[in-house]
Amino acid sequence: MAKVVGTIVSTQKDNALIGKKLMIVQPVDINKENIRYEEVAIDTVGAGIGEYVLIARGAGARIADSGENTNKKSVSDCSIVGIIDRFDS
Amino acid sequence: MAKVVGTIVSTQKDNALIGKKLMIVQPVDINKENIRYEEVAIDTVGAGIGEYVLIARGAGARIADSGENTNKKSVSDCSIVGIIDRFDS
Amino acid sequence: MAKVVGTIVSTQKDNALIGKKLMIVQPVDINKENIRYEEVAIDTVGAGIGEYVLIARGAGARIADSGENTNKKSVSDCSIVGIIDRFDS
Amino acid sequence: MAKVVGTIVSTQKDNALIGKKLMIVQPVDINKENIRYEEVAIDTVGAGIGEYVLIARGAGARIADSGENTNKKSVSDCSIVGIIDRFDS
Amino acid sequence: MAKVVGTIVSTQKDNALIGKKLMIVQPVDINKENIRYEEVAIDTVGAGIGEYVLIARGAGARIADSGENTNKKSVSDCSIVGIIDRFDS
């Protein structure tokens, strides 16, 4: 769980990152309190600044970033895979 | 080891998450004390709120989420793979 | 490096966990002092409570858990892959 | 997100590291404050000391390090995959 | 980056660990100060106690451990992949 808090601009980068929205996300706990540190996540669902999102790390991040063409190259290790409507506890 | 403490509702998400139960889990130690932070886990065994569960991260999470059809797309990086009946120490 | 401190009993679980010994391990440092938190590891070498063990995480854990049949499904993200006879420093 | 703070010289190494620029990177937060600890990252985009960079870990790091020949052996677990022009928050 | 501080002796272990040098490594920062905790790494480059080394985790560790025969089974999640001659900052 994280909150989108910014974006990154990068021109000189791996070609698999071309055209990707690089968002800065701040991991949060169930009470939306900040935990750990901000990190960069590739947006795959159209998230905006201020929104709470689901993030996936590792191969899950690459698979979400590659989209329907699973052979498409991805170097992502963190992707936004959903926008959170509600936390229920 | 973790305790199920809530659920997440997300409409706008990766298609591999459609129909999945997104649970909020709180990692615990052997004495069921909270450790680290809550995270989201895909339920694959029918766990309910308040239950203690086994979680798998990384590829293990994706394999459990894909179920018997190992080619099925999964973007999970954390899945519930068992309900804990008992901690013995 | 970890010490085996307990076991988990789980009936409702992923079928890849059926018949597996689910041990609770406490990571330790070179002086056998506890570090971080307990976690669940699948035993693949016949370790017992109180023994010091080598653990592998990620794909290494799955490969050890699958044994000789590398196509066998595993959802492990942490496996015991050796029993430590001696720490030399 | 990290800042390049140094380099490593290593002669006796895995052959997949031959010819690679081994940079020391210091992870930073959105305010460019240091977080966690320095680590070694393989440069894949021509980054220089003092620059802020995007890093990828795990398989993403290997894929970036292998470049266009995806079969090329890589042992990287951390690669620089972009140079950050700007942090927007 | 880490310093080799000891070795592990283990007789009862996964067959993929037979014949491997199991070293205890202490992660260090750019000033060679200890960080985090010791862990076990498989040596693949002939490192000795007291030497500063490059370590790779995850699949990079397995690929380095498997050597030229990429089909060879490895359960490593941490391998020594280089001996550090010099830290430049």
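First chain written, first letter: the chains are A, B, C, D and E, and each begins at residue 1.
Heads up, the rule we're going with is that a residue touches a chain if its C-beta (ideal position, glycine included) is under 8 Å from a C-beta of that chain, and two chains touch if they have at least 3 such contacts.
Owing to the predicted nature of the structure, the values given are computational and were not obtained by experimental measurement.
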- Co-neighbours of subunit C and subunit D resolve to E
- Query: Quick one: subunit A and subunit B, Cα centre-to-centre, how many Å?
  - Reply: 19
- Query: If you average the CA atoms of subunit B and of subunit E, how many Å lie between those two points?
  - Reply: 31
- Message: Show the residues in subunit A shared as contacts by 2 or more other chains, in ascending order.
- Response: 58-59, 61
- Message: From the touch relation defined up front, give the order of chains around the ring, starting at subunit A and going on to subunit B.
- Response: A, B, C, E, D
- Write out the stretch or stretches of subunit E touching subunit C in their complex. 5-14, 16-17, 22, 24, 26, 37-40, 58-59, 61-62, 73-77
- Query: So in the complex, which bits of subunit C are touching subunit E?
  - Reply: 1, 27, 29-30, 35-36, 44-46, 54, 56-61, 63-64, 70, 79, 81-89
